[in-house]
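Two complexes are shown next, each including subunit A; its partner changes from subunit B in the first to subunit C in the second.
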Partner chain A sequence: MSASRLPAGGRIDRDQPIEFHWDNRKLKGFKGDTLASALMANGESILGRSFKYHRPRGIMSAGVEESGAIVTVGRGNRRDPNVKATTQEIFNGLQAKGQNAWPNVRTDLGSVNGLFSRFFSAGFYYKTFMGIPPMEWGKGTGIWMQYEKLIRKAAGMGVASREPDPDIYDHGHMFCDVLVVGSGPAGLAAAVAAAEGGLDVVLVEQDFEIGGDYLNQSSTEAERKRSSQISALKKLGARVMTRTTAFGLYDYGVAGLLERVTDHVAVPAVEIPRQRFLTLRTKHTILATGALERSVAFGNNDLPGIMTAAAANSYVNRFAVQAGQRIIVATNNDSAYSPALNLARTGADVTVLDSRTSLPDNILGLLDTKGVSHRAGTTALNAVGKKGIASLELASGDDGQWAAGDSLTCDLLLVSGGWSPVVNLLSHRGVKPVWDKDNLCFVAPIFDEPIQMAGSANAIWGTSDCEASGNAAGVAAVAAVKGTGMNNVTSAPGAGGWETPIAPLYEVRVDNKKTKCFIDPQHDVTADDVRLAHQEGFVSVEHLKRYTTLGMATDQGKMGNIIGLALMAEAMGREIPEVGTTTFRPPYTPISLGALTGRGKGAHFKPLRRTPMHDWNLAAGATMTDAGLWQRPWYFARQGETITEAYIRETITTRETVGLVDVTSLGKIAIQGPDATEFINSVYSNAFAKLPIGKARYGIMLRDDGIVMDDGTSWRLSETDYFMTTTTAHAAKVMVFLEELLQTRWPHLQVHVTSVSEQWAGSAVAGPKSRAVLEACVADPASVANEALPFMGVIETSLSNGVPCRIARISFSGEMAYEMYVPSDYSESMMDLLWSAAQSFDGCLYGTETLGALRIEKGHVTGVELDGRATIDDAGLGKMASDQKSYIGSALRSRPDLLRTDRPQLVGIFPKDKTEKFKAGSVLCSENKVEGHGDGWITAVTHSPTLGHWIGLGYINGGYDQWSGQTVVAADPVRTGNTNVEIVSPHMVDPSGERMRG
Partner chain B sequence: MIRINCPYCGERDHSEFSYGGDGSITYPALDASAEEWLEAVFQRENIRGVQTETWHHVSGCRQWLLVERDTMTHEIHSVHAAHEGIAKVLEAGK
Partner chain C sequence: MDNTLSVNVARVSALAKHYKPIIKDNPGVTLTEVPGLTLWQLAVWPDSLQRVASAVADQIGVSGAPGFGRSNTQAAVSMLRIEPLKFWVIGAALTEPDPNDGAVLDLSHSRTHIRISGPHATTLLNSYLPLDLREQSFAVGAVASTAFHHVGVALWRTDKGYELLLPRGFALSLWELLVESATQYDLSIT
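Now for the complex of A and B:
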């Protein structure tokens, strides 16, 4: 290929020269160039190496369907692999590189893979797995993994950056009456008609210029139409978006749009996102998405210097690049003649091969006057050349019976095998396209969606017919959106528009000549691969696709699908429509993961919840940890302490004097109304009907199926007013369930539930000195005396500084303990008071690590034990459940399987050798059968300062009764190995509960 | 990408709602038999077509709704307040 820039013409801006880098060499182009057009103008012909065989590849198209010029753009943390050079705009400083090649695409040492091509044929991964001759020695996964590495290295695409993406991406939402996809003759006409009808129109165009096929036409008439339509849209207030791809259509008129905001800018402003991921809701959609020109399967049809006829037309008219000088055009339809004439006009020597035997006189006459030679009944058989096409062996014949012919020298071969309307977006809506046997392509059937197909997306080939079709679609959209009926709707032109019918031409081969004919060059899938797949039984199109990788990845069936279907149809002796079509799925073109993620990454991946005393905790020396969405104090290390030293000290201090812990993250629900008691008594499994005012009770809630949902406490503040606490983890779930019960099942109950988690900030005060601390902090010390506030008592009072508070004497630590809540805004003043008093008793602040140690010692359960599988009996709390009443879950709790005594039951765990430790997550196995799932598992472990050794909680089949006195193995094969343990009661410290009642 | 016309709030994006479950179930009384509860909790139709579902406007008014939705097309045929008393009041006011 000897491409060159024409001295004049095209849509490039010759006043804006641009310097960019290709494989570390500095090249020049102009504003308005794509990377492909600029590289072509610089005489670069090998831009990539193929996926499996490392064959040299050049530019094959001028658009998103590109299968050859797939490159890597950017450097370092902005490296973007698998970019199509045909769609990448150039800008000053652009860095682009060929990929899948070493040391570069021109001299690639990996091309020896071609010698082993039989091992890379269809299904090569599957077969290699099983071991194929002569590689039977490769049988089995061990050796497979060795050479899988080599294969993966040799067969591949570009390499993504491993560094974090430095760019920002935005998500947005848009609404409109009509979305028009595509801004060619049909799209522009549709958008203008819809906007003139008073509709709110959004027109999206994936290119950086509006105009579609107008841009590829050289006539001033085309440009005049294009610019007048654009100014009409501007006047009518339509929103016109360039560099924006409608990548998918979804339910309810949702279109996914990707707007590439700065991918064409040398130094983008920091506040601008790189891309926007937009969710557009539209009432109506017009798809003027155009059509893609197909290639034909013939020998070496992937050589650099072979492209579609329309691509060369675009390069010469739009980018002023003459792609070659000695040009052969091989076609089976009328569309390639206009490119042939355009290229002849700009000085090339052009020969047209038409596979059809008869052509209309007017075309032939035109060719003769322009000096274009032509041969009917002739087509391309085999391209010859090493790094680019040098000559073409021809085939001649009729009706698919080809015989080898002579040979022509050339530097560029243009192919037109027909056109495939882009019905991809319609296919996203589950509409199956149908085969149009006159135009040899899949088109939209009659379908029931608020969508119109317009222009060549509906197999309408002529420019003025496309304009008429777009106009009709726009008018129809107005009628549909306004509900005015279809009376004024003009009938759209039908499909077609060629003078001479297209003739089928999918593959050209002659007997006794082996050729390599690519049907999906991006994945190195050949015509033989399809036949091999058929021979091996893969006759369904969906299986064919997966077995051969035809049309996978960034191609998504754009290029090779029809030829693949045609070859499969031939192999099966059927017609194309009987073989079917594959379903197109979003996205139409690739979307970066960054755009999908948007702003929701890093710290913004999930909401962050901080308690109102977060800053107070930090100032007091807390190291924080994540507990769901919450940040909670983990431990309060003193000078030089490790986490282990800190939590052991905090645990000892709390058991000996007093400790304070932020418990604000617990869920808090106000349950109010005349029927509050009945409601709460129906929700909890234990008795609540007779809870006196001024008392709290521990409660366990079950799900409908009898499994534990959550545990917590409920405080009775008055006849009709309860204050419920839930676990941190299940706060939202419990609230939703209570709302569901009241609104859907028990609408007769007069009860309001209100989440007050944000309104109240809380601290637990635990330890022998806890009452003394409270006495120092409340307005009336007598109100917290043992008689006034006994175990499980509740008071509403105020602190010594006048802040109102509510206190319940409840314990999670097993010590005498209280939970105190104040309105959130006063949390810091509460902590100031409590901490000052606690310090006078040598108390401490503690975090979740000590919270865990204290509760494990006591055998109190949390979410890791109440994991959605445990029954109330499994958790050892069955005795609390009432048998005097019915409650949520009571019926199904008594299912026989949930009553089995060999179910896993909560137990305490000690190491046999008290100096040893073991880990949460270990599997509990009987001593003589350490394998598989064992008989149980460990949910939580801690060093117990009280007992002086490691302890744990867990579940084991049959529980304490079955395992007491036996040696059990805590198996942890992938981390710390196995430890011998013994099963004890879960109540490992103060089992009688004297300390908390004291 | 469903949109639900909440009778309390108006039309809102599906992302504000969470799916509840089968809205055609009448849960038995708490003291009903295990068999009745088994039927209500575990036995579900896998409907191809219009089914009644409960949805919770969890990031909105927090009201539970009864939604008739076509499982084939996602088309929503009706939306009512799940609380029958409130539903009556709302529909009388229309």
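Now for the complex of A and C:
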């Protein structure tokens, strides 16, 4: 291929030269060039190496269907493999490299693979390395597991950067009346018609210029039309987006768009996202997505210097690059004649081979006038050349029966095997395209979606017909969206438009000549691979795809699928539509993982939920831990303290004086209404009907199936007003469940539930000095005296600084303790008061680690014990459940299996040797049978500062009564080994509860 | 809770310590934290809905109880229809009604109020909100409960811009996302 830049013409901006790097060499192009056009203008012909055989590959197309010029762009953490050079815009400083080659694509040592290509047939690796005889006959695939690692290293297309992606990506939502995909003659006409009809139009174009096939035409008339349509859209307020791919269509008018914002910019501003991943919702969609020109399977059809006829036309007209000087055009349809004439006009020596035997005189006459040679009934049989095509062996014949002919020298071979309308997006909607036997392509059937195909996407080949088709689609969209009926809708031109019918031509071969014909060049799938698959019994096209990998490369079968189907059909003695087509799935073209992720990564992977005391806690020295989406204080280490030292100190301090802990993350629900008491009494398993105003009660709610859902306290604030707390983990679940009950089961109850978790910030004040701390902080110390605020009492009062607060005397730690809540914006002032008072009693701040230690000592349950399997009896709380009322779960709680006495029951666990420790998650086994799932498990452990040794909570079949006095093994075989333990009451400290009532 | 108690400490919002004003001449987006939110919920019963909601509207001076997805605003007071049987009143406190008429609840500290304005405000919001915010679909007065980075938020539109109520605990995390995203549009923070 001896390509060169023409001295004039094209859409490139010759006043804006651009320097870029290809394989570490500095080259020049112009603004408006793609990497492919610029490389071609610089005489570069080998741009890639093939997947399996490392064959040299050049530019095969001028668009997204490219299968040869697949390159790596960028360096370091911005290295992007498998970029199509045909779609990459050049910019100053662009770094691009060939891939899948060493030392480079021009002299690749890997090309030695090509010598063994006859062995590398479909399924080669599996056939060769799986179950290698005789060692592995009937013995599995152990050796394969080793080989696979090497094979995976050898294969592959490009290497992604291993460094974190430095770019940012945005997500977004868009809404419109009509989405038009594609800005060619049909798309522009459709968008203008829809916008003129008063619709809100979004037009998306994957290219960096609006115009589609207009851009490939040299006529001034085409440019005039293009410009006037663009101006019209601007005037009508349509949103026109370039560099934006509609990569998928989904239910109810949802389209996925990918906007490439800075991939063409040398030094993008740091705040600008590289790409935007947009979800567009539209009432109507017009797909003017065009058609892709197919190749033909003949010998060495992948050599550099072989491309589609339309591609060469695009390079010469749009980019002013003459792709070759001695050009052969091999076609089976009329579309290749225009490129042939365009190339001849710019001085090339052009010969057209047409597989058809008769052509209209007017075309032949035009060819004669322009000096273009022509051979009918002739086509390409085998390309000859080492690193690029040098000559072409011809085949001649009629009706598909080919005989080898003479040969012609050339430096460029253009192929047109027909056109495939881009029906991919429609396929995403589950619509199966149908075979158009006149135009030899798959087209959209009649389907029931607010989607229209327009232009060559509907197999309409002429420019003016495409415009008419687009216009009709736009007018129809207006009628559909506005509901005005289809009476005024003009009829669209039908499919077709060629003077002479296209002739089937998928593969060219002659007897006694072995050739290597590629049908999916990206994955090195050949015509022989398809026949081999058929010989080996593959009859489904879906299986064919997976066995040969046909259509599984980055172009997803845009180039090769039809030929593959045709060859399969031939092998099976069927017609193409009987073989079917594989389903196209999103995305139409690849999407970077960064775009899918958007800003939801790093610190924003999930939304962080901070308590109102977050900053206060940090300033006080908290180390934080995640509790669901919340961050809570874990422990407050003093200088030099480890977490263990810190929580032991905090636990001792709390038991001896006083400790403060942020409990804001507990779920809080306002339950209001005349029927609030009946509601709450029906939700909890224990009695709530007679809870006095100013009192709180611990409550357990069950699921319908009788298993514990959650526990917490409910405070009665007035006759009709309750304040319910839930666990941190189940706050949302309980809220949703209460709403469900009110809306679906008990709609007659006059009750409203509202989450007030965010309204109130809370601190627990625990320890013998807790009342003294409160007295120092509230406006009226008498209001928190033992008589005024006894165990489980509730008051609403205010702090000494006037901040309103509500306090309940409840205890999770087992100490005399209170939960105090203030409106969130006042939380820091509450903590200042509490902490100042607590310090005067040598108190401490504590976090979740100490919270855990205190509650384990007391045998209080949390989510790890109430894990969705435990009944209220299993948790040792069965006596609380009322037998006087009906409540959620009361019926199914009495299932025989839930009443078995040998069910796992909550117990406390001590090590036999008090110097030993054990871990949560250990399996509890009988001393004589340490195996399997054992008889129970450990849910939580801590060092108990009060008892001076490690303790745990857990479940064991039959509970304390069955295991008391026996040695049990806490088995932990894969971590710390086994420990002998004994089963005790779960209430390991202050079982009578005197301390909290004190 | 008696809202008339004399409190001698200032409210500290979720964002207070976490941003500084940025002033631009022609900002594409302006983010404003609206401090000192007063937000009360009115919850009514199906049979008291019209009567009670209208009475409350009269009491706070807005022109009637708003319909679904709508708000009514008069000066600094807005009444939003936030659920079929729930209204949010912003800018005024409510008094306890007869329980048979409904219930009120002070939620003033539960949300962080942010105003988003400027020519790119819609684009910025649509980076996160799956809502049709075009003028014809979400004009001044419209109200929506929607999702922002997995968090349920309330949004309404006034002549000042978009008014966003974020759950307080998530407010800083969502504010950070807004600021990071808005930087590309010439962000002003007031």
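One rule holds in what follows: the second predicted complex is superposed on the first by the 861 of 998 C-alpha atoms of A that agree within 3 Å, B and C clash if a C-alpha of one lies under 4 Å from a C-alpha of the other, contacts with A are read in each partner's own complex, and residues count from 1 in each chain.
As a convention for this text, a residue touches a chain if its C-beta (ideal position, glycine included) is under 8 Å from a C-beta of that chain, and two chains touch if they have at least 3 such contacts.
From a predicted model like this one, the values you see are computed outputs, not experimental measurements.
In the superposed pair of complexes, A:D406 makes contact with neither subunit B nor subunit C.
In the superposed model, A:R745 lies in contact with subunit B only, and not with subunit C.
In the superposition on chain A, A:D15 makes contact with neither subunit B nor subunit C.
Shared-chain residue A:S798: touches subunit C; no touch with subunit B. Contact with subunit C, but none with subunit B, is seen for A:G673 once the two complexes are overlaid on the shared chain. Put simply, subunit A uses residues 279, 281 to touch subunit B in one complex and subunit C in the other. Listing the residues of subunit A that touch subunit C in their complex gives 168, 170-175, 200, 269, 271-273, 279, 281, 599-600, 603-604, 606-612, 615, 629-630, 664, 670, 672-674, 719-721, 750, 752, 754, 756-761, 796, 798, 801-804, 806, 823-829. Note for the complex: subunit A touches subunit B at residues 250-252, 254, 279, 281, 682, 704-705, 736, 739-740, 742-745, 747, 886-888, 890-892, 894-895. On the side of subunit B, the complex with subunit A involves touching residues 1-3, 18, 20, 27-34, 36-38, 40-42, 54, 56, 58, 62-64, 73-74, 81-86. Listed in rising order, the residues of subunit C touching subunit A in the complex are 1-2, 5-9, 11-14, 17, 41, 43, 45, 85-86, 99-100, 103, 105-111, 123, 126-134, 137, 149-151, 167-170, 172-174, 176-177, 180-181, 183-184.
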